[in-house]
Amino acid sequence: MRHGKYRFLVGALIVPLALYGVFVLSPYLQAFQLAFTNWNGVDSAPEFTGFDNFGKLWDDPLFLAGLRNNGLMLLVVPLAVIVLALALAAATKGTRVYRVVYFFPQLLSVAIIAVLWQFVYTPNSGLLNGALSAVGLGSWRKSWLAEPDLALWCVMAVMIWSSVGFYVVLFSAAMESVPDDIMEAAAIDGAGPMTVFRRITLPLIWESVQVGWIYLGIAALDGFALVQIMTVGPGGPDNSTEVMGLGLYRTAFTFGKFGYASAMGVAIFFLTLSIAVLLLRVTKRERVELA
Amino acid sequence: MRTKHAFLTLWAALVTLPLLWALMSSFKTDAEIFDSPWTPPASPRFDNWSRAWEQASIGQYLFNTLIVVGGALALTMLLGALTAYCLARYEFPGNRFLYYTLIAGMLFPVFLALVPLFFVVDNLGMLGTYHGLILVYAAYALPFTVFFLHGFFRSLPGAVAEAAFIDGASHAGVFFRVMLPMARPGMVSVGIFNFLGLWNQYLLPKVLNPDPDHYVLAQGLAELAVSQGYRSDWSGLFAGLIIAILPVLLAYVFFQRQIRAGLTSGALK
Amino acid sequence: MNLTRRSALAGVAAVAASTGLAACATAGGDDGDKVKQGDTSAENPLGVSGEAALEVVIFKGGYGDQYAIDAGTSLKQKFPKVAVDHKGIQGVGEVLQPRFVADSPPDVVDNSGAGRLDLATLVSAGKLTDLTSLLDAPSLDDPAKKVRDTLMPGVISDGTFDGKPLVLNYSSVLWGVWYSKSLFAKHGWTFPKTWDEMLTLNDEIKKAGLHPWTWQGKYPEYLNDPLVSLAAKAGGFDLVKSIDNLQPGAWQSPAMLAAAEAIYQLAVRGHIMPGSEGLSHTEAQNAWCKGQVAFIPCGSWLEGEQQAVTPAGFDMVMGTVPALTGSDKLPNGAVMAASSESFIVPAKAKNVPGGLEFLRHLFSQKVARGFAESAKALPVVTGATDGLSLSSGLGSVAEAVKAAGPNVFSYKFRTWYAPLSKALDDATGELATKRINPQQWAERVQKAADAVAKDSSIVKHQR
């Protein structure tokens, strides 16, 4: 290009890259180093222990429970959110006020959401049991977060509740950019609304959906704040809501095993990375087929 | 048609009910919250709010949050836009490498970095300071900002920039006078996301901001939520929750047209 | 240190290539700006510099932090130029852990509450100041008496590690089963002496339309306290030791199994308020305070915690956990107790003499009395509550201390082996919901204890 290109590039990039390097990259690199030690959090000279920490992960019932639960969340949450959000986005066409309201949860900090939902689920004076009694379904009352079979689903419901609004707005924005005449032409050709949606709308907004998959996939591997604030134990009952992030947090700050906790972090990192790449590939192929 | 509206109304109720209920609870006494979670207060207790504002220092936390989030947002937007622009519009060796290194930042579980990060900040003498938090917030918001704006700058037509160069504009001039204004819709969208993210940031200040006088809102609220565990003040907690929610909610309702416009163009890229 | 500073500033490349761990997160600090001990005198036995600032970090939990503010005020009266920087916080560990690593800790820490720092780790890493000089210093109230002679028995030994006193706990905590004196008087009930009586009374309470028991289901450890108390009473001090020493089969011993069975019976017979397993401590305690439930297990902080929501005339009192069998090894008044609110002076504190002097003021009569009044809890300073008219709860706790005499026991495994506590909490939550039976419970906990015993990365202790 023009003269002074590199001078401009260096001038423009040096500050952000330095900031990123100092505050983001360097701590992570140090954490990667810590993963190979038995550092207890206060010791000045941790021992190098090789891959010991990583070996232990596969015998650690708490980490495995977290892995299993995050896995289930990964299967359920993104799909549920995307289906719901697509349906709501399609249904709210022309009624803007709903979309404004649906976005509300997006404005709340997870900590606030968790505190709120704890009051929803609480057995004896909670909103959910109260509502069930009010509509004559008193026999459905449950100790929602205290039953191992239900607790994780309750957590996932909150995740879905808090994410749908954002994707409704995102998808409906994308849908509005689909030219009306295409839809009308299809309708005139005798295509039903479902066919139009599947054959025309969805392929045209697929890029937004793809972004949604990846973000939701990453979010499904987290869940720390919700589980930590809301659930019994936390992480219970009987580890039924344990997530990997909580395991890492507990290992570091309660058990004082910072080296081992860092190893968990490294494992979570590689998992997240693989899943992001996987989702990118899977969703990409589908777009080709549909488009 | 009817089922569609029932569905829409149901979801709207699901979204708003817990919030309205928290609002109502913030006017009740502790005993009323426990005895009858469903009924409105006998008489509204405004003292919950003043107690949260003064004794629980929610007012001070709000002020701290505005400074930190405001500073970090401005910095993130400037640096993020510059970086994304350079990576999107210039070919140079290492471009892809830098881009992916930056994007990788979105995938790291944050508390993997917490302890080492503390020392970096401590060694720079920035622990518990506004500028320390601002820099760290900006650094952690950078990956998403770059990721989002990168696509945006890519999709902008090159002709205008070419014309500006022919007119003798400098690289910086083209960026600030031509490209940045064209990217305004994208900037608005990413600015909104960043604002929400920074406003609700919890883990970073918890570790890097140990001074109670500098607590941000989410931190202060968590404090309130923890201390209710020791000395019950649930009504005060609800009042604090609402105070924390309200400014963002009002800003959203007030600016929702602009926000949606920003989101739309963001989605279109 | 300088190396760290430079490498951090130099950014990615330098850090990536730099120096290894020793210069990064785990780097030690320098002692350059430490306040030296000044001259000592009768007035100033610890040699406090009259000018150096003092940073005090206090866990602000159920007891509040007024007493620590009072101690600061008391110190300032003697040394008006000392700036006392008082911070009352929660989550002590998260805030201070990194500062300990960096060797720039505050001068006094009250290391308490959920998320406190692991004391054993701090001790083994040599991060704490030996408090002997404080204990041998004259007390603030009576120069003829050393500080060590003003403390309740057991307080110093609680904080002594390998012969060195490193920690001083401020408050004495007892665990028992709480009930409302007025409610019991109204129905003509008396607090049971044995577990059989407890179960019989529970049936009666049920007939009266109340729930006999509730517990803080979200945090199962609350129900562990009566469980392990029952076991200790039946099995005596030997059982407590065998548990803490991770002896094989200790959790499956007859006394422990019988204790688990006792708690299990509460669930089996429907004595527990439905939904308890999903309640937070606040919710369960409030249900109890509203008179819906007769009993709740808790430590002696309950009265202070419930202050704001306790109805007038409720008159809560703590009963010691009933005897498990007719042939218990410990007498009936035996009670589980521990001292809490652990005060430490970090070894790398900038102002160690000032920190020690702060503690001298904290353990004075005046500050301790203020603590008893404001926190409604028992300070470990002897005679501090004499002549005070105690509230009903605190009064019952003080009586329980007297009645127990030497039969006071405490388990250490909870602080020594956090992973075991976690497994125990999970198992007890399942036991109380009848999802597992006492045999399965014992098996699970024993397995966790064996795993801790086998894990070479966990430092072991013996008692």
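For reference, chains read A, B and C in written order, and residue numbers begin at 1 within each chain.
Just so we're on the same page, a contact is a pair of C-beta atoms (placed from the backbone, for glycine too) under 8 Å apart; a residue touches a chain by one contact, two chains touch by 3 or more.
All values derive from a computational prediction rather than experimental measurement.
*Asks:* Touch graph of the chains shown: is it line, ring, star, complete or other?
*Replies:* complete
*Asks:* When the contacting C-beta pairs are counted for A-B and for A-C, which pair yields the higher total?
*Replies:* Greater number of contacting C-beta pairs: A-B.
*Asks:* Can you work out the whole-Å distance between the CA centroids of chain A and chain C?
*Replies:* Centre-to-centre distance between chain A and chain C: 37 Å.
*Asks:* Let me have the rounded angstrom distance from the C-alpha centre of chain A over to the C-alpha centre of chain B, please.
*Replies:* Between these chains, centre-to-centre, one finds 17 Å.
*Asks:* Which residues of chain B are in contact with two or more other chains?
*Replies:* 34-35, 115-116, 120, 124
*Asks:* Would you please write down the residue numbers of chain A that are in contact with two or more other chains?
*Replies:* Residues 17, 20, 22, 25-26, 30, 34, 41, 125 of chain A touch two or more partner chains.
*Asks:* Quick check: what residues of chain C touch more than one other chain, meaning two or more?
*Replies:* 8-9, 24-25, 27, 94, 97, 101, 280, 283, 287
*Asks:* Report the residues of chain C in contact with chain A in the complex, numbered from low to high.
*Replies:* Contact set of chain C toward chain A: 8-9, 11-13, 15-16, 20-22, 24-28, 93-94, 97, 100-101, 115, 118, 121-122, 125, 127, 217-220, 274-275, 277-280, 283, 287, 418-419, 422, 425-426, 429-430, 433, 435, 457.
*Asks:* What does chain A use to touch chain B in their complex?
*Replies:* So the residues of chain A touching chain B come out as 1-2, 4-6, 8-9, 11-13, 15-17, 19-20, 22-28, 30-31, 34, 41, 87-88, 91-92, 95, 98-112, 115-117, 119-120, 125-127, 130, 161, 164-165, 169-170, 173-174, 176-177, 207-208, 218, 222, 224-225, 229, 245, 248-249, 252, 258, 262, 265-266, 268-269, 272-273, 276.
*Asks:* Can you name the residues of chain B that touch chain C in the complex?
*Replies:* The touching residues are 30-31, 34-35, 115-116, 118-120, 122-124, 206-207, 210-212, 223, 226-234.
*Asks:* Which residues of chain A touch chain C once you look at their complex with the stated criterion?
*Replies:* 17-18, 20-22, 25-26, 29-30, 33-34, 37-46, 62, 118, 121-125, 143-146, 148, 231-233, 236-239, 250, 253-257, 260
*Asks:* In the complex of these two chains, what residues of chain C are touching chain B?
*Replies:* Spelled out, the residues of chain C in touch with chain B are 1, 4-5, 8-9, 24-25, 27, 60-62, 64, 87-91, 94-99, 101-102, 104, 280-283, 286-287, 290, 304-309.
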